[in-house]
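Each in structure tokens, the structures are laid out below.
Common to both upcoming complexes is chain A, partnered first by chain B, then by chain C.
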Partner chain A sequence: MTTTPAIEVTGLSRRFRGAVALEDVDLVVEPDTIVGLMGRNGAGKTTLMALLAGQDFPTSGTVRIFGEDPVENDAVLAQLCFVREAQQYPNNFRVSHVLGIGPQFYPEWDAELAERLVDTFRLPRRRQVQKLSRGMRAAVGVITGLASQAPLTVFDEPVLGLDATSRQLFYDELIKAYAEHPRTFLLSTHLIDEAAAALEQVVVLDRGRVAMSGNVDELRRRASTLTGPVDSVHQLIGSAPVLHQEPLGGYVRATVELAPSPDLRSRAQALGVDVAPVPLQALVVRTGLLGAPEDNPASEGAL
Partner chain B sequence: MLIDDGRPLFEQIAEQIERQVLDGTLAEEAQAPSTNELAAFHQINPATAAKGLGALVADGILYKKRGIGMFVSTGAREKLLSRRRDEFAHEYVEPLLAQAERLGIDRDHLVAMIRGGSR
Partner chain C sequence: MKRALAVTRMHLIDHMTLWALPTGILFSALAINLAVWTVIDRGDRHTGGIASIYCFVAVVAALAVVRGLPFAMSLGSSRRAFTNGTVITGAVIGAAFGTLCFALQLIEHASDGWGMGGNFFWFTWFGTSWALSWLLFVVSLIAAFAVGGFFGSVVGRFQMWTVIIGAPAFILVGGGLAVLVTWQGWWHDIWGWFADLTPATTTLWCAVLALACTAGSWAVLRRYRVS
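Right, the complex of A and B next:
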């Protein structure tokens, strides 16, 4: 079965006056997938999203959205909703105006959903968007993205500034929107563990390159933390790549590229070693601390 | 509740449904929760929930009725019980023996403890 990917990026690079923002990025996202885009500040997340949305030009490489180049391509842009983190609105533009113009930009706009979400996020309809708090402005973006029902919705930091309740509401509404009307979502976030359960695929950028990418369940099984007597821990590690080690007397805690499988657990138990899974966020944190990809032995193929 | 214990979420979803079949909450031939119900309940990606249900179908615990949903197969409970019994030694007895050995509890003492309930 061959379907056209929602997103297909090949050898994508973007430089700004010599500064590398993206370098040789390859990425495929199948339709109807919820993808998380992660990485440290300056990793290239927003640049990648702008390129996907056809709002920027690659220095080299190609971007295909539903099989086509998005730049000045009305057919593609009608299927795409890009919600920027610092979305600008005209002066005097009220929340009610945002709801009003939705259908002009997005053919599939769900006005009923938008109205319901305004109540859910407790937004004042009459208030000017520029005068809303940061969190409320973020909610305006969330509502736009969800109500657009665009086949590809790209959210740059949708939960930034949202309170804990609103963030949970966002994840719930995202899952609900997807369930009712499956489509592709790409969202960037720093709140990785919080978002992880809602995601199917994760892409981690580091200094413009893809440092890690894959199915969330697979990434969650990529590494384990082993704690116990040094010799026993090293016996279990064997030749597996070590991401991090912290010694404490004769003990050591090591984060290793080994799945926390039942087999590893039973071998560890026999040696008196404790096995803990590595949450996605911890794995991403480790990735962000590694050296340049070319001089990092753990990076070959895996990380 | 789902916990991040390093096992894939879909496995945990499948296991939770298995537990409901085992304890009778989900009777044989009863309708299992749908992908979207599971996704909303556990606040997880629907594709993950679908994978959990898919694993149970592949395993013969659930079966699909086209256009209606998933149902618990007849014989599913017995199948799960016999599998759990097979796994019991590995999952519970082996760790128990290993820990007893580490603590210097000999076999006779251990057997006496089991006979006596908790002490």
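Right, the complex of A and C next:
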């Protein structure tokens, strides 16, 4: 039996007055997955999210959410919550108003969770949302998204502005919410390593294209960091693509597209080279630095 | 329909701003007028103070669209559900304030203009039919809501372009019409048309205005995108 993907994007492009925001994006997200959407500023993350939420119209290509076009589709939109980084709120809307209106839009709204999180994040209920600090506004968005229990919850930069404690609280609550009621989360973030533990899948956008996409563990297994004497490291690398190289005196630290297999480890040990897994962030940073995906050895997905 | 009602509840959740504030404004405007009438001794005691409630309703509608639509859409509301929910909101607000104004008009009438022949709720010539008088208040307030909502829709969708293109266009079209009317000598006919309005025809024209603005709002919001 095949399940309908939560998100299925085919050949999606979005141009604004000639400027390309998204170009030929393909993406499939299975239901009940936590996906990280990454990429440099202006890579097209928010544009993609807006298209997924039916808030914008594609120039070409298709978006399917639970198998249907989300644009003006009440049945699909009722299953979707999209909290923006700069989310706008109605005039004079207070924190208590957000808590009050949530259940009207989401039958599964978890009021208990919302109330608990307001206390956890120490939000003043009577305060107007627009007058809260950036971090507190972010917390209101986090609460809305988690309490909505929407089958597809999209967060644009949910932790931006949150203090370190609140960020950890968010990741904990995200995993807890997911464990209790599995659903699909798509979140964009620049704090990649911090979020990595919560993510199953990542999609990296670069200049509107998918530069890298896949399961987090598999992506990590595709590359290794080798540290050791220059000659020994180069001997191990052979013809494998090098993502990054840093000289350290007579030593070198190289990020290479080589799986950290037992074989590699034993050969490295013999040569006095240290093998370490590549942090997700390092992988994403390299992808962003390598430029156009055409000449990017780490690319996959849309190509 | 359920989604539309959720939008209506969203618009109506802030009781303080929505009900207490305009009622306060209305009563303070009335109080100021009564005070002025006691001090100034003149026969003609008419005032346009009631315009405050129309302005308030129009501003509420504009803000409801500009600020409410991005939020409603983030909670999975479609543009259509939002528009329907906002139309229902306009009807609720029009009915509520229309009834309040009508009740105060009755009091004004019964108390011989607050005991001093004042006309704050001044549609005295509408006193010919109380039912029609109530209907006129309700429909005209809904029209004010629809005009504000249309303005909010245009600003919400086109943002800065509204000002850049809208302001010069408004001046050109408005100025052009004024020139045309003056040149053709139509001013007399236009004032005459206003003077000939009856409660029934005024209500009708308000309804036409409300419908036209609602249709215009939907035409603008159909392709709205959150930015």
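Odds and ends about this structure:
Going forward, the second predicted complex is superposed on the first by the 291 of 303 C-alpha atoms of A that agree within 3 Å, B and C clash if a C-alpha of one lies under 4 Å from a C-alpha of the other, contacts with A are read in each partner's own complex, and residues count from 1 in each chain.
Here is the rule we use: contacts are C-beta pairs under 8 Å (C-beta built on N, C-alpha and C of every residue); 3 or more make two chains touch, one makes a residue touch a chain.
Bear in mind that the values here come from a model prediction, so they are computed numbers and not experimental data.
Judged by the touch definition given at the top, the superposed model places A:L191 against neither chain B nor chain C.
Shared-chain residue A:L199: touches chain B; no touch with chain C.
Of the two partner chains placed by the overlay, only chain B lies in contact with A:T33; chain C stays clear of it. Applying the stated contact rule after C-alpha superposition, one finds that A:V230 touches neither chain B nor chain C. Look at A:P279: by the touch rule set out above, it reaches chain B but stays clear of chain C. In the superposition on chain A, A:V20 contacts neither chain B nor chain C.
Across the interface of their complex, chain B is touched by residues 32-34, 168, 171-172, 175-176, 178-180, 182, 193, 197-200, 216-218, 220-221, 224, 259-260, 266, 269-270, 272, 275-279 of chain A. For chain B in complex with chain A, the residues that touch the partner chain are 2, 4-10, 35-36, 39-40, 42-48, 51, 90, 94-95, 98, 102.
The touching residues of chain C, when paired with chain A in their complex, are 3, 5-6, 9-11, 13-14, 16-17, 63-64, 67-68, 70-71, 73-81, 223, 225-226. Contacts from chain A toward chain C in the complex involve residues 50, 53-57, 72-74, 77-84, 87-94, 97, 100-102, 104-106, 144, 148, 150.
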